[in-house]
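Let me begin by presenting the structure, written as structure tokens, before commenting on it.
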Amino acid sequence: MTAQAIIQSLASGLLMGLLYGLIAVGLALIFGLMDVTNFAHGEFLMIAMYLSFFLFAFFAIDPLLSAPLVAAALFIFGAVVYLLIVRFAMRAKANAGMVQIFTTFGLAIVMRGLAQFFFTPDYRSIPHSWLGGKTISVAGIFLPEPQLVGALVSILAFAGLYFFIHRTDFGRALEATREDPGAVALVGIDKNRVFAFGWGLGAALVGLAGAIMASFFYIYPDVGASFALIAYVTVALGGFGSVFGAFAGGIIVGLVEATTALVLPPSLKSVGIYAVYLLVVFIRPRGLFGSI
Amino acid sequence: MTALLETRGVWQRFGGLVANSDVSISVGRGEIVGLIGPNGAGKSTLFNLIAGVLPPTQGSILFDGEDVTHMPAAERCQRGVGRTFQVVKSFETMTVIDNVIVGALVRNTVMREARRKAHEVLEFTGLAARADVLASDLVPAEKRRLEVARALATEPKLLLLDEVLTGLTPTEAQTGVALVRKVRDAGITVLMVEHVMEIVMPLVDRAIVLDLGKVLVEGKPADVVRDPKVISAYLGDRHAQRA
Amino acid sequence: QTSEVVIGVIYPFSGGSAQQGVDAQKAYETALEVINKDTDFDLPLAKGEGLPGLGGAKVRLVFADHQADPQKGRAEAERLITQEKVSAIIGTYQSAVAVTVSQICERYQVPFVSADNSSPSLHRRGLKYYFRAAPHDEMYSAAMFDFFDAMKKKGTKIETLSLFHEDTIFGTDSGNAQAKIAGERAYKIVTDIKYRANSPSLSAEVQQLKSANADVLMPSSYTTDGILLVKTMAELGYKPNAIVAQDAGFSEKALYDAVGDKLEGVISRGTFSLDLAQKRPMVGKINEMFKTRSGKDFNDLTSRQFMGLIILADAISRAKSTDGEKIRDALAATDIPGEQTIMPWKRVKFDEMGQNNDADPVLLQYIGGKFVTIFPPQAAIAEAVWPMK
Amino acid sequence: MLSVREVTTAYQGLVAISAISIEVQKGEIVCVAGANGAGKSTLLKSIAGAERPRSGTVTFDGKRLDGMAQHHITATGIAYVPENRRLFPRLSVRDNLRLGSYLYRGDANREGPLDLVFQLFPRLAERLEQRAETLSGGEQQMLAIGRALMTRPRLLMLDEPSQGIMPKLVDEIFQAVKRIRDAGMTVLIVEQRMAECLEIADRAYILQTGRVLMQGPAAEIRGNPDVRKAYLGL
Amino acid sequence: MDKDFAARRRRDLIIAAVLAAIAAATPLFVKDVVVQNILILTLMYAGLSQSWNILSGYCGQISLGHALYFGLGAYTTELLFTKFGVLPWFGMLAGGVVSALIAMGLGYPFFRLRGHYFVIATIVIAEIGLLLFHNWEWAGAAMGITIPIRGDSWLKFQFLRTKLPYFYFALALCCLAWFVTWWLENSKWGFWWRAVKDNPDAAESLGVDVFNSKMGAAAVSAFLVAVGGSFYAQFVSYIDPESVMGFQFSLLMALPAVLGGIGTLWGPVLGAAILIPLTELTRFKFGGSGRGVDLIVYGTLIVLISLALPRGLLSLFSRRKKTGAAR
């Protein structure tokens, strides 16, 4: 294998990693910072991808343009899911963890079913988006535009989230609500508002990811499943409670995946990711940068 | 006979913060010793070191003639160290009796025995009526009593009580005091942390005052409360007047 | 006399391959129309209504969902047989499920027609009630290499191959078959990549394909991975000389809708070709019937499903009975000339293992937005364009 | 200022306080005492909105509080420091305090009460970056009161603030309570340390098994022989 | 008090015996193989979930990777059988032992992890297992293993003509798992497990060997689940990685316990008795539509039950107030 091929692999891995990061950033907020399990994360992504697809199919709006629309729609969706479902799951006094896992898991199944019902199980894709299939070549290294844009959006999304969590009162309120949802009322915070907003924001970030993904990935009711586990591992690897961790987690996952494929049969490339996760948590039981 | 418990030059640091510095104390068999001192002086930390939650940064701990400095908590319990937690840690989804059975199992491998022992301890601590209630449904004062009951069920030689008599009316506190005496009469050595002087001082045989992680004063309660260092660091002027 | 014959159809109707199930449903309904209504095709059972052997009894289909799970396939087969009283079962898309469904059928002595499973091991298990009219992966792969041989004779340079197959039973089987034949015929496999189905990314894999840069890239991929593969190839600037695909994703409309423009000249094996309509007009008409239902043209899978049900129903009619064993015997005695199918097959005749060895695969090339048959010569209507594009 | 009328609150059918009525006037320090399980904490929870009364009314400056969401009650100017403090354990002391002033974000002077807090509890100023969960018990109590003060309450409700506090500080806390009152706040305090509490209180209520057993000016209660025997241990 | 308790234990045992007897008699009335099939699956999942419940419900270590042990049980049995001719009965035992050992081996690193880190580690390790089997040629890789049909035989635990042996085995497995739970519940281990779940620090201070409690729970749990996996392999007579080690099994093992009442003696049985027939029936009824209706119905039910009864269906039955429901 030539040096160029290795550089290409690493470059692809890095871009892919940032894309994983982008997919995980919403989860980093909901699962990582708010500490609420969301087993329907992949399905949120799926919905966002479908939205982009239909906006393209019916109104010929390129996913890149519709991204804000999709994010806004997902914001509402996320907030509604919280207010209608998750809120009650969190209220459970007994084994709240399991209740959360299974309500969101049930929700995921329902979302898949509904997608199949309304959108049919056909594989869709947007054939000629602005980004799709375009690529930039620098000294023989190919950098696909969708991933480049994805990487850029990913960096911006993480920077934005970081700012939001660490520099605004809302971020602190979010952390406080995670710590003790029953106690925030003592300082005048409405936990449901905070969490509904958090879910909305998390979903909006998935919406961004979905819009970017839609411009070059295929779309069908089960598409979320391919990304869900990677997103969980990304967040956990970086450590719960850390925005930066999830960002770093994404990059590591991308790079590890690319390098594993160089040494192991590609069908085992996720084994590399999983092994790195296990290794990291054995050494640091709270992930790389986790605080909780 | 050697002391039941001895700490030798124990240090505990948390990052830059020194919670215990060069603490050397000893507790004799059958004593009730009060460990007092300002908030944040390092009393609970010292309890954690004695009970084996974490090893001290430096120094050694001897229990019943044996160096237990690096022995895990569970083993120390088997050797006879029983403790309560200042911030109560009940088994919330278990009933009161089941909570106590966990403790009783240390010395009773037969379930029936453990259960009998647990009932006995509940009688002893006055929790018998609440035996079948979930621990999560207890009010704070009862939870603290449950902490004591659980620890007693392990049949300890040394019982570490961290503010278990807090939040009681003086009358109720008297019942608590009587309970501690009963415990001692049952042959158990007690090392207790308590901030309510009206309760501790009449109760303890000896008081150790910790301040800023160090042993400040040690002696008979009557002497300790008169010590100007203790008054200025811990009791405050008003107490001086009263004492 | 029976007025109705029930046939069980077991497919994935939910989960990742639900689309195949739903498409199959349309194909079977199309076949049902041909069987139950009076149509004017030169196909068994087309003329007249219902099954003549059973006094015009109509066929009814019961669909069941196996969710790609062998255990569920098994349970569904058993339910269809015992509760729905089906006379035969057809299915299943995934070969892994065909394994268990055919076992249950064997045990209840109900014929199983494996319409679209391509794993070669299926018919080699000594089952009496197993039938497959279509080719399996070894036959397909052999056809590909026959084609390479022919091209080489014409002076085309085909020496090195890159295999690229997914890691489920289909891809693994296909990859094994290809590797085996390549060895026998002295082609050099420069890369043999087994990848995880439905991976979120194929960058690393494509990177390796690109480095190897073989004369022919031979993918065995389902639709999703096919789309991602082609996109990733474009993104990483890999333009292979030629792609010869093991069907699956590469015969799906969805793939060409997504990335058709990058696939000018791709070759896929198959067992069906729409250009057969030029020789056999009924193929076009039946395709229209299917298209009104599904909005898609027949492809390699749906055509096999359609044909499978016709063959099965024909056997039931000839058996003049709904009894499993009689149908089995009738199936074993099947002999339908190729012209009476919508396929480019020589004929339909099962060997003692239930495999039809006369189902000739074809190679199709995607040219100008359509598939044209390029191999074997007797079926070809155009010369292969090589290299692609 | 605060008026609780005939409030009954129950846990899963178990009545903890029944038809309790109390009044708090502006600028007062009112002490509530009683044995364990008498319902003192439940009373505070019912006012703060942490438990919903089954019947009865709570009015604060003429506004009905019962049935109002807890965070709205905080916003009307009632700060409640519960028995178990409910700090945000993994957040720093600084963040805990800042969250106290959440209602005043955007306000230029949002950190205003901080001076008072540090003046009352200088220890907190030394521990700003430490996680709340690693504070000693006493430090945690200080932080809880400090956080409550940050919400700029007109009425401060304390549930056994002296619990786990060293003697010197108990006095300081009671002095602090006085100073808090002098800073213009009203205080409703639940205490077991009745002797100390009655010293600073204006009026007191004694609860027993969910009902008001006795009420009156602090001095009067302190003089009552029954009280001296039953609650002051004298 | 003590008498109450002993009476309750006895009552549980009697109810179980009666239920088992009724179950054992059902084949006399239920001749329909489809219903029998549902019963077998129900019993199997009840047993699996009961076993999962030991580690995750009682000991509080939430595992969503138990498919690993299920698959190991299935693969050990069938590899031994097809490659070395070892009878499935021994294979079953071997599978159980292998799984228990692996569970304990994994325990060393895993039990230091808490909360989500642990859950994700279990998912990930099962996924690694799945991928390895997917690529392990000798074990059949993606092709899996087809169990050769040699005719009905107890020796080979293989029956074509009747489902009854499978039924009784599933029943036995379910009873075994239940009984083990019942027995351990009132043993040192049972108390240790619940203590560890509720508060490991406190448990430690009371002399509980926290680490070994978890190890014990993991070993018992993995062993029983592996036996279930062996059974499943024999029952379906075909295994491939996806169909015995897929993530869905991990969920399916947890689901009955969660829906019925996690960490309770009767929860898994109750949950399975409702969930499995429901799953099968929704698929029968709506599965063939191709429109995802079965998913919608199934998913909605899971959401509703989880929300409405966080303590599980069992909480409907316990008339005792919250105060007594702890068992």
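As written, the chain order gives the labels A, B, C, D and E, with residue 1 at the start of each chain.
Rule of thumb we're sticking to: a contact is a pair of C-beta atoms (placed from the backbone, for glycine too) under 8 Å apart; a residue touches a chain by one contact, two chains touch by 3 or more.
Only a predicted model underlies this, so the values are computations on that prediction, with no experimental measurement involved.
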| item | value |
| --- | --- |
| Chains contacting each of subunit A and subunit B, listed by label | D, E |
| Smallest number of contact steps required from subunit C to reach subunit E | 1 |
| Farthest-lying chain, centroid of Cα atoms versus that of subunit B | C |
| Pair joined by the larger number of C-beta contacts - A-E, B-E | A-E |
| Farthest-lying chain, centroid of Cα atoms versus that of subunit D | C |
| Rounded Å distance between subunit D and subunit E, as computed from the means of their C-alpha atoms | 50 |
| Intercentroid distance (Cα basis), subunit C paired with subunit B, Å | 76 |
| Gap in Å, rounded to a whole number, between the CA centres of subunit D and subunit B | 28 |
| Whole-Å separation of chain centres (CA-atom averages), subunit A against subunit D | 43 |
| Where subunit A touches two or more other chains at once, by residue number | 94, 112-113, 116, 121, 221, 265, 267-268, 270 |
| Numbers and ranges of subunit E residues touching at least 2 other chains | 131, 134-135, 263, 290, 292, 294-295, 322 |
| Subunit B, residues touching no fewer than two other chains | 93 |
| Residue ranges of subunit E touching subunit C (in the complex, touch as defined) | 32-34, 37, 41, 131, 134-135, 141-144, 146, 149, 160-161, 232, 236-240, 242-243, 248, 280, 283-284, 287-290, 292, 294-295 |
| In the complex, subunit D residues that touch subunit B | 33-37, 41, 83-84, 123, 130, 134-139, 141, 160, 163-172, 192-194, 230-233 |
| Residues of subunit B that touch subunit D when the two form their complex | 14, 17, 36-41, 44, 86-87, 139-142, 163, 166-174, 195-198, 233-236, 238-239 |
| Residues on subunit E engaged by subunit A in the complex (per definition of touch) | 62, 64, 109, 112-117, 120-121, 123-125, 127-128, 131-132, 134-135, 251, 254-255, 258-259, 262-263, 290-304, 306-307, 310-311 |
| Complex contact set, residues of subunit A against subunit D | 169, 172-173, 175-176, 179-180, 182-191, 241, 291-292 |
